[in-house]
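Read through the structures below before going on.
Each of the next two complexes has subunit A plus one other chain: subunit B in the first, subunit C in the second.
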Partner chain A sequence: MSLDIFLQAIVSGLANAAMYALIAVGLTLVFGVMRIINFAHGEFLMIAMYAGYFAWSLLGIDPIVAIVLVTPVLMILGTLLYSGVMRFALRVPEINQMAVTLGLSMLFQHLALVAFTGDNMLVTQARAVAGVELGPVVVQVNQLIACGISMALLATLYLVLQRTDFGLIMRAVAQSRDGAALSGIDVTGVYKWAMAVGIGTLGVAGPLLVSILYVNPHVGALFTLKAFVIVILGGLGNFTGALLGALIVGLAESIAGAWFSASVAAAVPFVILILILLTRPEGLMNRSRRA
Partner chain B sequence: MSALRLKNVCTGYGHINVVRNIDLGIASGQRVALVGSNGAGKSTVVRAINGLLPLREGDLEWNGASIGSLGASQRTRAGIATVPEGRLLFPECTVLENLLAAATFGDAKVHRAQTLETVFELFPRLRERARQTAGTLSGGEQQMVAIGRALMTRPRLLILDEPSIGLAPKVVAEIFDVLARLAQSGFSLLLVEQNVQLSLRSTDYAYVLREGQIVFAGESGELLDHPEVRRAYLGD
Partner chain C sequence: MLAQLAVALAAAFFASAHAAEPLKIGVLAPITGATAADGARLVKAHQLAVKEINAGGGIAGLEGAKVELLIADTQSKPEVGRHAAERLIARDEVSALLGAWASAVTMPSMQVAERYRTPFIVTSAVTDSITERNLQFVFRVSPKGSWAARDVGSFINYLRGKGVAIDKVALAYEDGPFGQAVSKGYKKGLPAQGIHIVGEETFRTGSPDMSTQAAKLKATGADLLLIVCYVDDEVVLLRALAAQRYKPRVLGYGGGHVHPTLLQLGPMVEGAFGIVEWMPDLKKAATEHFAEAYQAAYGEMPLSNAAQAYAATWAIALAADAGRSRDPIKLRDSLRALRLDSGPASLLPNDALAFDAAGQNNVGNVISQVIGGRFVTIWPEAVAGQSLRLAH
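Moving on to the complex of A and B:
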């Protein structure tokens, strides 16, 4: 493998990692606060991608602008998911919770198949084929945009979680639900907000992603699995861990793709998953959590 | 006039009612002890009061209004703060964050800086440790954070579930010194303690719990001399 190809792999790996991180932090945030892994997470990404696609194809709205419209919709869907499903899921054993969110994932895929057919759809603007040369490597303009917006949002989220009362309240509930309630924190309200933010981040990711990657009813499932690998790597519920996990998965995939082939690259996240679950199930940034 | 009144309270876990027919009152400014051996149901009574455990029978009155159907956070906001068994701190947050997190609503938020200053005056150690992660503190320091956090909610009644457990005598003395100062400044206290001597000496009135029921109630000083209480709890 020549140096140029290697550098190219690093750069596209980093660009992918930024998107992966954006998708994974929502999953880890919801888990951190509610202790439920939402296996329908990717289906909300799929919905956001369709929303971005139709905003462009029917209304001529640029995906970047569509973010502003799609995000509030996804936030509302997040609170509906809480009120309609998660609220009840909190009271049942973990295995039932898993089955419920998996069932939801299948349901959404089938509904999408009925509503949008199984066809692949993609936003194809002029800039979709444009590239920027960074020395020996070329980056797609859309990837650069997605990467930039994603990093800006991740930085904002990090600051909100670390520096505001809103973030402090979320972290408090994540670390001790009863301790938070005894501190006068409305735990149910925090659950709702965690879902709104966790699903809302997909409202940003969806429109960006649909100008890079085809959307079809099954696109979400793959992203749920990748996000799952990432949050396991980083330690479930750990925000900065998810960023690290995204970096590892993004880079490993693209380097494997350059070295071997695209099909090997596709298997890489799952090899990582199996290795990590067998050797360090608490994640790379392990911390004992929750009394 | 009683600030808090438990009327015929009954609750428990699963199919079992752990505490039954609890009648208990705490007047405004009064210091009350709840004593009983391990497993008697003291912490269960505490959870029935602070709302972590729903009532199965009976009711709870707070300044004349029924609060039996309110959730835990609402009871805290109404002025009932708990230093719970096991402390339930936010272990990855700093000491300062633990304290601030308990003052994110209404009046508590408005007076946050002022209450924080009061807490730091009561426990100077917490000011020194403000930027340290709570999970890395010693047991005594963690108990101080738990008390400080309860105070941040600006309560009128402070419930403490075994504040001295596992702590060195010197630290226990320091904490009880603070509790005495708090009582002087008008807080009502409900003190749950394994250490019956200590708890009867630092309160005005006491209830004795056995197998989920109140079997004695009276002035703390009198209970200290009560032959049966002495025999059961003070090793006479």
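Moving on to the complex of A and C:
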């Protein structure tokens, strides 16, 4: 493999990692605060992608601009998900919670199939086929845009979680639900916000992704498994862990893809996952957890 | 006397009820799951054939019996397909089975049919071994996957004959059973026809990014790129190639390459070739009829797999008619003897629909090209709807 190809793999891997991170942080945020694994995460991404597609095809809105419209919609869907489903799921055993979100995921896929058929829909703008040359490396314009917006959003989220009272409250609830409640924090309100932000991040990711890829009812599933690997790698519920996990998965996948056949390359993130879980079962960024 | 009349009436009633008992045909299709859109199209084609058969008075050889389709969802999953095949045969007592889209689902399902001694016509799966296992009840209307290499080789040499310089050919395929099987055929078949393969790249279905693969393909300097994948991956790959400002001629494989999704890409796919098993503009009377009827019924153009599903449905009905029996074993025997060189089942691009000793229909592929934002058949010239466009 020549150096040029290797550099191409690194740059593409980084661009993908930024998108993966954006998808994974929402998942990890919801888990961190509520201790619920949302298997329907990918389907909310799919909804956001359809929203981005229809904003472009029906209203002529550029997907980048559509983010401003789609994000509030996804945030509202997040709070509805909390008050309609998750609120009740909090009281039942974990296995039932999984069944609920898994069922939701299938429900959304089938509803999308009925509503939009199984066909792929594409956002076809001139820039979808344009590339930017960075020395020997070519990055697609849309990937570059997506990468930039993801990183900006991730940085903002990080600052909000670390530096504001809102972030402090969220982290407090994540650390100890009862402790936070005793300190007078409105735990239900925090849950609702965690869902709003966790699902809302997909409102940014969806329009960006649909301009790079395509959308069909099953597109969310392509990312759900990856998001889980990333989140578990970094440590469930850990924000910086998700970033690190995304970086590892994005780069590993891309570099392995340049070296090996695609099937071998696809297994590499899982091999890394197993190796890391063997040495650090709590994930890379989680300190050993209290019972 | 009244009693006698009642008996006679009852006898007449039961006789007619018996005569009207339909010929049951089971269809295995992915109604839900990853390939649901394809399943929906297959079912439409099966239903169109049945509608035509029944509207024409049913099956004459079975006293005008109507055809009844029993459609089962495989969910695109092998184990679900196998169970559905078992249920259709054992419980619903179908006379024959049709299906089951992907090879991975078809193979376990047809094993069930073989065990229960019920004919199974494979409509679209291309894995070679399906008709190489000496199975007695398995037939296939679609060509073997490896035949694509033979036809692509002939087409490349046809292009060379037209003065097109094609020296280096590269392969890009999805690294699953489908892509591996077809590209193995290319790697084996093309060098024998004097075509040099200079590089190959693989990717997983559903990859969100193929920049690295595109860069490596560009580095091979190939002037023709053979692509084997599903249409969603092809969109990602073609965009990545365009971003690299690398514009080889491309020839995609299968129905995925003659797919409406692709036309959404506009000028980027203009001139692209596709090797496909059937096209709605083939110059054959049966094709013309089918394309019109399908368009009238569903408001869209049929894809190649729809034509195969339609031909297979007609083949069963015509075999039942010729053999005057709905018994699965007799039906198998009449399928073997079938030779349809005219009529609705003759819409595929060979002289006649017929099954050889292994159950295989000897049918070639055709080459399509995107001309003016439409898919047009350009080769072989005998069935071509329009002539090749070489401006690049």
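Couple of notes before you dig in:
Here, the second predicted complex is superposed on the first by the 268 of 291 C-alpha atoms of A that agree within 3 Å, B and C clash if a C-alpha of one lies under 4 Å from a C-alpha of the other, contacts with A are read in each partner's own complex, and residues count from 1 in each chain.
Just so we're on the same page, a contact is a pair of C-beta atoms (placed from the backbone, for glycine too) under 8 Å apart; a residue touches a chain by one contact, two chains touch by 3 or more.
Just so we're clear, the structure is a prediction, and the values are computed from it rather than from any experiment.
When both complexes are superposed on subunit A, subunit B and subunit C sit side by side without a clash. Of the two partner chains placed by the overlay, only subunit B lies in contact with A:Asp165; subunit C stays clear of it. With both complexes superposed, C is the one of subunit B and subunit C in contact with more subunit A residues.
In the superposed model, A:Asp4 makes contact with subunit C only, not with subunit B. Of the two partner chains, neither subunit B nor subunit C is touched by A:Ser57. After overlaying the two complexes on the shared chain, residue contacts for A:Asn120 are found with subunit C alone; subunit B is out of touch. In the superposition on chain A, contact is made by A:Val139 with subunit C only, not with subunit B. In the overlay built on the shared chain, the residue A:Leu182 is in contact with subunit B alone; subunit C does not reach it. In the composite built from the two structures, the nearest CA pair linking subunit B and subunit C is 36 Å apart.
Common to the subunit B and subunit C contact sets on subunit A is no residue at all. Residue ranges on subunit B touching subunit A, taken from their complex, read 50-52, 71-73, 76-77, 81-82, 84, 86-93, 97, 100-105, 108, 149-150, 152-153.
Here subunit A touches subunit C in the complex through residues 2, 4-5, 8-9, 11-12, 15-16, 19, 110, 113, 117-122, 124, 128-131, 137-141, 143, 209, 212-214, 216-218, 222-223, 254, 257-258, 261-263, 265-266, going by the rule given at the top.
For subunit C in complex with subunit A, the touching residues are 32-38, 40, 174-176, 202-204, 206-209, 211-216, 219, 231-232, 235-236, 239-240, 242-245, 260-261, 264-266, 268.
Listing the residues of subunit A that touch subunit B in their complex gives 165, 168-169, 171-172, 175-176, 178-187, 287, 289, 291.
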